[in-house]
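In what follows, chain A forms one complex with chain B and a second complex with chain C.
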Partner chain A sequence: MRDNLTIYLTMIRAAVLTRMEYRADFIMGIIGVFILNAGTLATSWVLLSRFHDLHGWTFWEIVFLYNLWLLGHGIRAVFFRHINLLEQFIVEGTFDQILTRPANALVQFLGREVHYLGIGDVLLSITMLTLAYQNLDLHWPVWMFGWMVVIALSSAIVEAAITLLLVSTSFLTTRSRALVNSASLFSWGVVQQYPVDMFGKLLRNIVTIFLPFAFMNYYPALLFLGKQDQVSWGILTWYAPVVALILLGLSIAMWNFGIKRYQSTGS
Partner chain B sequence: MALIEVQNLRKEFKRVIPKTGFLSGVRNLWNSNYHTHVAVDDISFQVEEGELLGYIGPNGAGKSTSIKMLTGILVPTAGSVKIAGLTPWKNRREHTQNIGVVFGQKTQLWWDIPVIESFRVLKTIYKIPDDQYLRNLNQFRDLLEIDQFENTPVRQLSLGQRMRADLAASLLHDPKILFLDEPTIGVDVLAKERLRTFIKEINRTRGVTVLLTTHDMQDIEKLCNRMAIIDDGNILYDGSIDDLKSKFGNERTLVIELDDAPYRLNLPGTRVLREEGPRVWLAFNRDQLSASDIMMRVAEHHTIRDLTVEEPEIESIVREIYEGGMSGQKKEEEHVPVLDLQ
Partner chain C sequence: MSLFWIFSRQNFYQQSAYRLNFWLEIAGIMLQIYVVYKLWNVLFEQTPESFGGITLPQMLTYAVLGMLLGSILSIGEGVHTYIQSQVRMGQITSDLMKPVDFIVHMMARDFGQIFVRLLFFLLPPMVLSYLMFDMVVPTSPAQIAAFVVAVVQAWVILFFCNFMFGLISFKTLDLMGFSFTYFALVRFASGQIVPLWMYPDVLQPILNFLPFKSVFYTPLAIYNGVLNGSAMTTALLVQTAWMVGLFAVARLVWGRIHHSLIVQGG
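Take a look at the complex of A and B:
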């Protein structure tokens, strides 16, 4: 475990050095993403301000919901964005290289890249969450700020683990992009900006059980916004870290299964 | 016990036969039409410690697949491999400590960071102690002149430099065995020579066992004391280069330039390989005919202006083996008619 951490951190250092080689690109990238997300946010701002509220969620609550998702998504993007690129790693032979080295394959894969684009997301979401906090006139006890950190990390893990789970099918087919893309539609297309309670049972079950993206923002937000008593499933607000750990376990199992299959089929 | 023991190694790939037509992309998701392709059929060989084995064969012969099994990347369909007592795919992580791997086609270094930074990462991954790391690094600075470009990102290196850096990287953890998959591909003649000298040197001084695949026969001739020729997933030849030459290389080519107009020479015991203007290439078996016999025969009717005898190049021998399998011998029997000099 300690070895894995040392190897991971050493590799992350190399990955950061790689990014620093392209410094102009680095700064432009952060600004670019910042602007991109601010644009998306501005659009929903215009749309939302036409309604007084959305299924009992006020404008600033929606802003909070959106940016809680963006925070987890951004952290995930910084460290785990290349999970989506596994296919490419396999096709280009980088993955074979990983297998010829005496360290855990997943640690080597995850440590291979970092992506600064997520930093723009993180900066923007923190700014917007702060604004929402003030506008909603929230007064959290101190521990809730700590819980916020836990939730941010578990959101990142939820998204990364679901992606890893799906992308591990690349080992069997070498093509997984379509699968990952359609699944992530439920993430940025559904839970990102709409409170899940406005959807029907089917969709709610999908984003809670099968592709539990709702644990990235909706369920944790119930607690932060003091809404857990307003819905019958309010208890789920506490379960995001548990869901993250379960998904992590499942995705690692799927990854290991995938590698076994890859080694015997070599597809 | 030999360092590398390979027994009846076999690898089959199942390839999906893709569907075409309406919604083919979707229907391919549960496609069940497989076609079994045998990449490695049945391979057995042993490598002793300190050997330098050249592994050659045409594209698609099964070289890379065998290397992938020996390095623990792939699990074979059947057969066994023991390398330093370990089964590569079962004890993958222990095994990788014993081996160094270089794929000529793809660098194992981090593309955008200085070479020395890649080495640092490898030091952590292989848990190389500081003193060992420094000792090796200094040696490679001497032998490969790594210091000239160790602070340059890999993407800015020439191919020759990149291969030097890759070789050094593969040896930092003092592996017992080095797998080199086409280490000289695309490299210029001088750089090739340098790489060969280095490989030979580390084989001699460190006793590193080397298994290399290549398409360059010069690599084999200059480096290896033994070669294995593989085609269609089977080993066609395994032995020393000298043996190969004497077994298959008893054919000589006599190049004769005649004074008179092109004339079809029909001499028993010889084969016309090529005719070009006044020049004729005649192949003959030196065990059955001598060059002087042929010369005399030709001289009876023609004036010989010039003549040379060519030894077979290893390349042409190998080409012949690829083309005819081991039936190279059969061909000899065919063109051994009774020598009739009247």
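Take a look at the complex of A and C:
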């Protein structure tokens, strides 16, 4: 365990140094991330300036929901964005390089890259969460700010673990991109910007049980926005860290299962 | 013209190769359609008076068809991403050496992709949507004809926008930062998700000034019957004007870039 951590940190340091070589790209990328998210929020703004609220959620509550998702997503993007690229690593033979080295393959794979664009997501989401906090006139007790940190980390883990679980299928099939893309639609197409209770039971069950992306923002937000008593499933607002740990265990098990059956493509 | 069909055939084989991918993509499209369907149902139930005389089936038709058209009129992927990857890999030379005009060649490629995506990813989910949801159909042959013309013109307009956007990569080798901005702008200003008449009045002059209104809003509003009579004719003519204008600018810009192009050995 200790060795694994040392290897991971050494690799991350190398990845950061590589990234620092391209500063102009960094700034353009961060600005791009800001504009991309502003565009999505602008659509919500247009809708809610006309309709006042969406299934009982006002504009700033939607902003809060969206940016809680973005915070977790941003943290996962900085460290684990390349999980999605496992298929490409396998097809191009890069993964075989990892296997020849005498260190844990998962640690090497996770430590291979960092992605600066996630920093833009994190900065933007913290700014927008602060704005939402002020505009909604919230008054949290101190412990809730600590809970916010726990939630941010667990939503990063939820997203990373679901993705790892799905890409591990490419050890068996070599193709997982379409599967990952369709599954992540439930994340950025559904839970990201809409309160999931508006979609009815089926879709809410899918994003709670099968692809539990709703634990990235919807359920935790119920507590932060004082909505946990308005719905019958308010208790779930406490379960995001538990879900994150379970998913982490499952995804590592799936990785180990897959890698045992892995046969190189030979390229 | 045969060039256009050659690319279609190639694409057809590529798409047929992975059957699982086909079903997963269809499932993804249906999910997106379901999301907008639910969204507008909820909003309509809350405040039907905010829709300004539009019926719920009309609104749903607009929203569902907006998602469907999104599978052929793509902002995220298209001629711009093709040019970018060719430039970065240094393979753009092989495109430039072909004995066909570059713009025509790129259009034929794009057409091939769109035609196949139309068969695979627009028509089947469209049939499914009509079976599942309460949506309107165009009432007269003239309306259907106008819709088809509007879609074709929308494709040409989006193609030239994407094409000129892609040309940036000849200067910068990369589109990363810019492509987020472009994606956000087109998505917001085209009315694919929210009909443009719902936007605040302050934004209307800007939306009218941009070509993106012609890409999604015009065909969608013709199909659900919001644009009709002389307003419809005007919208179609505006599209034609954008088409011609963008073509002229694209030719000019490409001529300049091509003239001063230096390709590094890749």
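The rule we apply is simple: the second predicted complex is superposed on the first by the 262 of 267 C-alpha atoms of A that agree within 3 Å, B and C clash if a C-alpha of one lies under 4 Å from a C-alpha of the other, contacts with A are read in each partner's own complex, and residues count from 1 in each chain.
In this section, contacts are C-beta pairs under 8 Å (C-beta built on N, C-alpha and C of every residue); 3 or more make two chains touch, one makes a residue touch a chain.
Just so we're clear, the structure is a prediction, and the values are computed from it rather than from any experiment.
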Check your understanding: Does the superposition put A:F186 against chain B (first), chain C (second), both, or neither?
Key -> second
Exercise for review: Examine A:I35 and indicate which partner it touches, taking first as chain B and second as chain C; both and neither are also allowed.
Suggested key: second
Exercise for review: Kindly classify A:Q108 by the partners it touches after superposition: chain B alone (first), chain C alone (second), both, or neither?
Suggested key: first
Review point. Who does A:T18 touch here: chain B (first), chain C (second), both, or neither?
Key: first
Check your understanding: In the superposed arrangement, which partner chain does A:L203 touch: chain B (first), chain C (second), both, or neither?
Key -> second
Check your understanding: Given the touch rule stated above, what does A:V46 touch, chain B (first), chain C (second), both, or neither?
Key -> second
Review point. In the superposed arrangement, does A:I7 touch chain B (first), chain C (second), both or neither?
Key: first
Exercise for review: State whether A:Y194 touches chain B only (first), chain C only (second), both chains, or neither.
Suggested key: second
Review point. Residues on chain A in contact with chain B in one complex and with chain C in the other?
Key: 178
Study note, to complete from the structure: chain A residues touching chain C in their complex are 25, 28-29, 31-33, 35-36, 38-40, 42-43, 46-47, 49-55, 175, 178-179, 181-182, 185-186, 189-190, 194, 198-200, 203
Practice item. Could you please specify the touching residues of chain C with respect to chain A in the complex? Key: 18, 20-21, 24-25, 27-28, 31-32, 34-35, 38-39, 42-43, 46-47, 50, 174, 176-181, 183-185, 187-188, 193-194, 198-200, 203
Point to revise | Residue ranges of chain A in contact with chain B within the complex | key: 3, 6-7, 10-11, 13-14, 17-18, 21-22, 92-94, 96-97, 99-103, 108, 173, 178, 263-267
Study note, to complete from the structure: Residue positions on chain B within touch of chain A in the complex are 11, 13-14, 25, 29, 65, 68, 71-75, 77, 89, 92-94, 96-97, 99, 101, 103, 105-106, 108, 110-113, 117-118, 120-121, 124-127, 153
